[in-house]
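Each structure below is given as structure tokens.
Two complexes are shown next, each including subunit A; its partner changes from subunit B in the first to subunit C in the second.
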Partner chain A sequence: MNAVTAGVTPWTVAKWMLALAIAVVALFPIWWMINVVFALPGEPVSLNPRLWPTSLSAGFDKIHMIFAETGYLRAYAISLLYAVLTIAGVLLFGSLAAFEFSLFDFPGRKALFAVVMLSLMVPTAVTVIPTYLLTARIGWLNSMQGLVVPGLASAFGLFMLVQFMRAIPKDMIEAARLDGASHFQIYWHVALPLCRNAMVTLAILTFMQTWGNYMWPLIVATKPEMYTVGQVVGLFNSPLSHHTVDTVMTANLLAAIPPLLFFLIFQRKIVEGIAMSGSKG
Partner chain B sequence: MAFLDITSVSKSYGAQTVLENVNLLIEKGEFVVFLGPSGCGKSTLLRMISGLETITSGTISIEGQVVNDIEPAARGTAMVFQSYALYPHMTIFQNVSFGLRMARKPREMIAKAVGQAAAILKLDRLMDRKPGQLSGGQKQRVAIGRAIVREPRAFLFDEPLSNLDAELRVQMRAELMDLHRRLGTTMIYVTHDQVEAMTLADKMVVMSGGRVQQAGPPLQLYDDPDNRFVAGFVGSPKMNFLPAQVVASEAGRLRLSGIGGSGQADLPLDVPGLQGAVELGLRPQHLHLVAPGEAPAGLVLEGRVVMVEELGSESFVHLDLADGTRITLRAGREADLAPSVLRVAADLRHALIFGPDGLRIRGRDGRAA
Partner chain C sequence: MSLRRHLPHYLMIAPFMILFAVFFLYPILSGFYYSFHDWNGAKPPEFVGLQNYEKILASRDFSRAMGNLLIYIAITVPLGILVALGLALLVDSFTGRWANFFRNAYFMPVVLPAFLAATIWRWIYAPNLGLLNVILGWFGAGSVNFLNDTGTMMYALIAVDVWVSAGFNMVILLAGLKNIPTELYEAARLDGANKWQQIVHVTVPMLAPVLFFVFTYGLISAMQVFDKPWLLTGSSFTSYGGRRNALLFPVMDMMGRAFGGVKFGEAAAYGFLLTLAIIAITAAMFLLRSWRERR
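Moving on, here comes the complex of A and B:
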């Protein structure tokens, strides 16, 4: 046995096979989507199906058609703004609240935190109607603030950041206090930089969640001008639409590209983040 | 007027009283060490001086001004923590200059102050590093640097050397003494290590159970302790305490019996009317082995050898006396420690007497026995 094969046991081979199999299963739908889009209509589902793209130009024609005939670009902008504003808000409010909850004591701290954590266990479906009624009463239906504001207070985000900030030594906060830093300066210059990793992770998770959020935009932003990408894709997918499979696939592919890119760029952080939010605490 | 005046200060957490009626005066420029076992409230007292902990009752004043309700940063004290508490995401320069930057001091002034502190502490070449890249001793220097640039009225140290290894501790101790000599600023230093306390302190404050047991120059506390706790805590190896019975106390003499079983002693101590059980305190260096054939006068004890600690220049011998009391004595290289039972004579000029309440019993003329 030489040095290269040393350590390769049937067990490692089996593990690799399993990982490969899972990867194939996970990647196939995406590959199939690309395959259907970049082919002449009907070809991939014909009697003689192909597993690779056959016509790039056909694909670009479909993409062009979708951009030309639907408000897809506008939906992109709305979705992006929705995601960015939500991320900014979740990070700001989450970190401010976590700072207080984890590093300082105030009357009712434990009870308040318990209430927030309890809210994690309530399914969204339960709160969606009261939230809708409230939003409607304020007059925020079909507006960006109606879309964004209800999602700004993230119990999950608070939980995650609190776990992180708890690990900041009290001495460090006290040292900053003795150095004359104000409460806000301690937050800004000490606590925030020290949980940067957690903030990045929370931003990523929030992006994924906001981009994929279908229910809330569907309920609160019913006017076509306020459609998010998810809603536009929903139109294509509805049972009564006259679009063919490959057009629907094109719309889906366009919706999937931003999170895919996002995932490829932040892959490592996302994995770290999921491991972190799952195992800490 | 003392520099720092602590008057009837107490501290409780809920029902738990941590400090009880602490009274203490500290002079400007003094190096004061709070010494006591872990959990006795040293850190709490220090933190109350710094303002990090509220004062339950009593007052603390600095240079005549009551600071009970003054913000920590406004008290003019700087604290150095055992954990260093450096900001890990900042460079050493940013760490040291943090306070000045928060106060929005001019850039040149910050550079000058940091430069001076760096020169004093030999940190010049580390300025661009992060704390994670420094050794423990260097981190502690940075923490001290961060205190120095604030030009405090008093430095507060909470066990600053406890995380360092023994050799570095000795070196940093010397550096701290040097720093104190150069800056002349009041320093208050908390430790549970009595060697550290003895070497650093101008004034040593021994604490136990939330109370100040005794305060004074280290040698005074060593030679003339007020109670059994101070006598036992200061000095290494510890003082020996031997149970004894008062036979008679009259005409300026105190006669004891039953010392460590059957030992007898006659001390020049004037405490008329003293009776009952007392304890005789003797430091290890005031006991010596009796050579075969020698018949010394005074207190002679006989004990079984339990353990011998060889330190090279000297040895410490641990003996069990007839009544089970364990004592320690110092022996030179030449001593014959082979026999399993040794005879020990005591130098009673240095003996101290403690009552059953743990308080020192001094002679009526105030003379140490």
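Moving on, here comes the complex of A and C:
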């Protein structure tokens, strides 16, 4: 067989073609959504493959129209608040507990930690209905606390932070104690700064998960005033909605923008976080 | 005295542990209690023994949902992992900027909220004017109503599922590939192994623990599939599962019984049945693995 020029074998060509073709399959639906939004109204009545955006101003008009004329802006605010409060709670409560479980010994430590870790194996399917019933009984349906609080004790978050805090040298804790730092000060000034990376990764993963959570808001926030982005997008896409394709796609795109932006900014952290949860699980 | 010494520790874990007890342990126990009661949320629960469980096991929706689930996991889990492994090997064969580019491109669908993946694909699958039908039209094929034709619905769901999950599993497998020492490949090459043989005899055995994790995790999440079929079929609590229940899955059935039929006892029992099935399958996987390792 003849050698083709400088290392370019049929194998490399095939590999590149394959890699690019798969990239098209992975990205085109997202690209297509953008193209439908940024096109003149009336144009996207047929769903023909749109390969590029044709009108930027038309796209912004649609976005403006959706924000001005539907409950989308409120849903956006609710979803953001839901995500931010969940992140704050998961990080705070998780790191407080992880600090103790990973660096200290006290009666019951092993048993308590084991119970929390066992819960990682319990499927959501079995907890979602009783948790809903409890939330309803304490009168938290259609409230922010009803959305946020039941999800704050994240066993996954605790697991992840414990993995990181275990690496903190015990000498550093002892040194801080000899300097007269209180227990809480050691947590705040020594342990937290040392696991900042893990905290950021956990925050990003929690954001993705909360923003994309569909099932819990669907049952807890049933009043339109409490709808999250997921539910509003569901309304736009429901078979009974009277919206045109480009309006629906605008609603979809708006829901996609925060996580896509997050990914473009934090791609390394996100990928590492997921790889880590896999290799250590 | 000792309690006083340990008090700071308990204070620090208290917020987490209290939330955990209230919103995780208590719901599980109360769910177990409800599963033996007839309860619509208003009148006091009435003890009915195992009736809820018997009712579910005898219902046609349950067998339909379980049948669908079996077909679904039998295809989507192995296929998803095969695709993810292929993607990981492909990305791993590039270096530098291009490796990053392809990895990020393949990962992009994971970043979207799952509800969004389903709604975008609903439009791609639309009859006549949907993207997929337009492309099929170029080849002279007639329009297919992918999400309303009982012969295609399951595969339409699986395609979306693989589109979303492949990137996720790829990232985990890529991390595993990086941990395989290059000497092993060199040794295999010296022994005259070609690329394919290297994959079969070096990569896959070395990746086995990661593959096992990805497989088990994928299986457990696939058994609880909800968002995607729910949205692809345009379901609501009064009508769900799509045409002839072709996309009815256990968690959908459970949610429907709770919020459509207002039978919370039955729904709680459903959750426990599903959990039993998940535990049984996971345990079987672990047993299989330890049996294979012992051989």
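In this section, the second predicted complex is superposed on the first by the 245 of 281 C-alpha atoms of A that agree within 3 Å, B and C clash if a C-alpha of one lies under 4 Å from a C-alpha of the other, contacts with A are read in each partner's own complex, and residues count from 1 in each chain.
Assume a residue touches a chain if its C-beta (ideal position, glycine included) is under 8 Å from a C-beta of that chain, and two chains touch if they have at least 3 such contacts.
Note that the structure is a prediction, hence the values are computed from the model and not measured.
After superposition onto subunit A, the modelled positions of subunit B and subunit C are compatible, with room for both. Contacts of A:271 after superposition: subunit C is touched, whereas subunit B is not reached. When the shared chain is aligned, no partner comes close enough to touch A:40: not subunit B, not subunit C.
Within the superposed three-chain model, A:13 lies out of touch with both subunit B and subunit C [touch as defined at top]. In the overlay built on the shared chain, the residue A:77 is in contact with neither subunit B nor subunit C. When the two complexes are overlaid on their common chain A, residue A:248 makes contact with subunit C while staying clear of subunit B.
Once the two complexes are overlaid on the shared chain, A:114 sits clear of subunit B and of subunit C alike. Between the Cα centres of subunit B and subunit C, as seen from that of subunit A, there is an angle of 100°, stated in steps of 10. In the superposed pair of complexes, A:65 makes contact with neither subunit B nor subunit C.
Which of subunit B and subunit C touches more residues of subunit A: that partner is C. After superposing both complexes on chain A, the closest C-alpha pair between subunit B and subunit C lies 10 Å apart.
Subunit A has no residue lying at the interface with subunit B in one structure and with subunit C in the other.
Within the complex formed with subunit A, the subunit C residues making contact are 2, 6, 8-10, 12-13, 15-17, 19-20, 22-28, 30-31, 34, 41, 87, 90-91, 93-94, 101-109, 111-116, 119-124, 126, 129-131, 134-135, 163, 167-168, 171-172, 174-176, 179, 210, 213-214, 217, 220, 223-224, 226-227, 230-231, 234, 236, 250-251, 254-255, 258-259, 264, 267-268, 271-272, 274-275, 278-279, 282. Of all the residues in subunit A, the ones that touch subunit B in their complex are 169, 171-172, 174-182, 185, 189-190, 193-194, 196. The touching residues of subunit B, when paired with subunit A in their complex, are 50-52, 72-73, 77-79, 81-83, 85-89, 98-99, 102-103, 146, 150. Residue ranges of subunit A in contact with subunit C, taken from their complex: 15, 18-19, 22-23, 25-27, 29-30, 32-33, 46-49, 92-94, 96-97, 99-101, 104, 106-107, 109, 112, 115-116, 119, 121-134, 136, 149-153, 155, 158, 183-184, 187, 208, 211-212, 214-215, 219, 230, 233-234, 237-239, 245, 248-249, 252, 255-256, 259-260, 262-263, 267, 270-271, 274-279, 281.
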